[in-house]
């Protein structure tokens, strides 16, 4: 079992004929993901890898393919339009890989997505992986195996590190969700933790946070109130200085808010086991 | 019984210290309407008629007074802001008397009001009257008496004519709702007909339409599907030429749409009795 | 509140839309000079605020500058839809590969702006809508969100616009939407938007209608409005803040409130009469307004009687009566006037009118019947005598 | 992406906000001329991109033009927060009746813009927020709807602004919001917004921070950014598209991915070492990037070893290895380097590195421990020798 994506997920790729789009479409298909359509304005009627029909608009693509998930590889300044287009076309799960989407765009996109009752993962995220079933985004599929650990993370390669460590220790993942490192994104820890709590295929959860914002603190509140499954967390950035953006636009300690230590304290207080470094995670799992 | 307003309605007047606001506040109070607060930015702390406290903002006024209805007499270019302010402050029934509100303002206001689950009556409307209980707007209270006829109208003085005719014939009104003559307004016939259908104090309904738009046709569809109470309708403008605005911004026959005859036909087909002129209405009531 | 084509084009050009290049001429000489400046074929287009100028002979091709002068002269002598042609726009004729219709207007049903496009441009969109509804693509715009690029692409794909033109088409539609919002327009329309020989998109005709309610916050647009166009009585009605629409009948109407004014016209017709006009004097009714309204009604000499219907609410009947009496003294009225007063201070109002020549009525039906009687008494054929 | 005060003020002035009048001087002579032009007291303000210039002596009052020259000279010799002061802004001193704080920024929790105001202006708003939270009024803005007048009035009433100033205050806040949206800012701030002797509202200081992600669509703003300010290594990191933050330790870090880079720093500290920097080389890892990253790390001579941690995903380890080898040939490296490669094409990558001097590690823990060992072997006091 899994959350958000599984064998029945029918994926639409926005920006499919671009360099990134083509490359990852190929990888996702190799993994066994069902890519049912692509969209590139003006390229409607083309085919990708002789298998995936390309449409001019999401509207047309969804009508023709019955896609229920979209993954976006379009350039940053066009990403907001692509997200709005996907949601308007009726897609309920939109995954935006694109990095560098302007912040004000994201505020508007978020408002619209929420109003439409859709879910957006990202932007600036590695996407989702349900091992053995479906890979949507850019997570290397071979580093994770099937299992009962749900993984949710604000990071990219750090997530891979954790998936790798889990695999090395003989553990597997139900679903891995990279929610992205931007200050304003579609999905927070709380959202994903709730989904894992309800997923019978997930027995325990690994949460990878980082400095900046209050997302981990909000998650701690939820954990105290509503979550029963065991959780192990690693929060990156204990050594990060204040006032400096640490690569991710969202990873910044500002005015005393967003400190790793505060996040760790909040999570520890509600019973989350805290890993000192990624390789400690497997030992802390039950 | 009545719809929307009754003895328990606590009215906030926006633009209370203006000429129109003062005049009608006085009239509404004389009628017995409970005016609990007024708003005029910058006049917070003043009192009107030594009875009604004036606040700077709706937020403060609603907090202090528990107002649950707002009536707006502010100039046209400020009316949209006033409507948004009232709704944001938590008012669920906003009545905008102001005429001449720009159309694009109204599209935005309508979207917001709908999103907030509030109800807007108007703009460019005479307001509401529940005889003997509450008068919100500018309808002369003395022309209507208490009774079981619900009245809903897109017009102003034509509504008074109908209320007058009903009174002359010995009939009374449960509630009279002037929904206003603008092309984009807060409430349509359909909305009010549904409320009358559910109101035990309303036994039959008078509907006063006019040329322009499709509101009467939409009402006819509803009447066919869901409404059981007897309805008498008068539709003004059978003699109006196409392409000319007849006073109300919304009263215009455009491209063959909005003709009085089409509206009359649609209503007649679903069993609505059609009055040839206002004075015929009482005879057609049951 | 409509703009002239040349004003609309200027507006669109300011927003970055390519429009056909042209200049306005007020006489034959000017048209000739402009045409010879361009060289080659030019289009001479009447600048009027009414539609249907094509059918009225207001748009013509000229082969050279002499031709241009002659045609401009002809067009400048036209009156189209009640408007005298005062200016012509002279533009180089464009070779047209394809004509597109593109507009943004407000959708009354959905309470939002709507982007409308069709591959069948250049002709009346209402005809297309009726005969080939599939050829029209629409996208509804969320008022707060505004038009999105993807919506324009949806429309572009539905009207089969070649994809090489999409980026330009998107830019034009977005600019058009900006023009719609920034200027508080109710319609912005390009018809036709032409694909020319160089495969570029050019606005060859342009239409902008502004929201009169928003003019107060659009000072630039207010200056663009030609308040002096149209019939004199329309200008006068506008000046007085009256709503007036001329009709063909013999019974003039003077009413407070638009709905009641229509109701009054309807009742006249129902009882066999013919209303001469729609007239709403609005709230309040001072002497100047009543007098002005009477003058406008009486300027039409087909009018044989006037029906004044006042429902006093906020407006007090006694005030109206005083306004009426003063107006009657001011305006030279030679035909009978029926008055029906009801509502606030009705009794006082009627008392004031007791000594006047006005014919008083008890109800709207009574008033209508009395007015019709008066007209009938003048003889059946009377209404036609002035049309000879 | 911060603007200088004088640029921010120009931006606000373009949007119709009254700002204090001033000119920029690059030397004493210029400051003197400007001051004598104004006459009377002037403020001399360092133009730097870091905060805290007041405490650093970068803002001073000058009584006359001689005084102005002297003070400008002093300020122009300062370095504030790592930035050399290259310009000063010279403005007439304003008599202050009241100081207000007014800003618009993004609220991360609520995912929307927020209007923030306080009657306690002129000082650090974070101090006010901590000590007197009641003195701060906030209004959250719906992104699509934008700031509404009533929201500004809410704020005005909560900070007890005299109502005679409300219309002006509303106009300023709306203009500030426009500036925020139009320029893709993340912060627009006026602190203080001053009520002057004439009871007018004047922006006396101004701050604008732009969203770097949006600069591509803000060509004018892009030109305003002073890309050459700050330390040389920051400029170089920016040029190469690297994320680099200097720290105080001895172990340089070169990592692909921001989260993993922080994780690498954390693990170094966890095992008793001290990271010298945060460095994310991003996706891919060509020779130029790796070489540039190494150069930036090594410019800090406190660095005693470098830990390279690469998780191959889309990035292939063999490509990174080739980039590394090429970079090592290009950069003069005299200290030991620990490399940990994992993920896509790891074996090929390791094989390529077999013959190099690089110290290979099996895991992140192994790499951290090895790097720490290397530093310890160099002697405990070594890190302080260069700070003498």
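Here the chain labels run A, B, C and D in written order, and each chain numbers its own residues starting at 1.
Just so we're on the same page, a contact is a pair of C-beta atoms (placed from the backbone, for glycine too) under 8 Å apart; a residue touches a chain by one contact, two chains touch by 3 or more.
Small disclaimer: the values here were computed from a predicted structure and weren't measured.
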| note | Minus chain D, touching groups are one piece
| note | Between A-C and A-D, more contacting C-beta pairs sit at A-D
| note | Chain centres from averaged Cα atoms put chain B and chain D apart, in whole Å, by 55
| remark: Rounded to the nearest Å, the gap between Cα centres of chain A and chain D is 28
| said: Can you list every residue of chain B that touches 2 or more other chains, as numbers and ranges? | reply: 108, 112
| task | Could you list the positions in chain C whose residues touch two or more of the other chains? | result | 142, 144-145
| message | How are the chains arranged in terms of who touches whom: line, ring, star, complete or other? | response | other
| remark: All chain pairs satisfying the touch rule are A-C, A-D, B-C, B-D, C-D
| note | The residues of chain C that touch chain B in their complex are 106, 108-109, 111-113, 126, 129, 142-144, 181, 184, 186, 211, 213-214, 216-217, 243, 245, 247, 255-263, 265-270, 275, 278, 280, 311-314, 342-344, 363-365, 368
| chain A-facing residues of chain C, complex | 145, 148-150, 153-154, 156-157, 163-164, 166
| task | Could you please specify the touching residues of chain B with respect to chain C in the complex? | result | 23, 76-77, 100-108, 110-112, 126, 138-140, 143, 153-161, 164, 181, 183-184, 208, 210-211, 213-214, 234, 236-241, 244-251, 255-256, 276-279
| message | For a test of understanding, state which residues of chain B touch chain D in their complex under the given definition. | response | 41-44, 56-60, 78, 81-82, 84-85, 88, 108, 112
| said: Which residues of chain D touch chain C once you look at their complex with the stated criterion? | reply: 142, 144-145
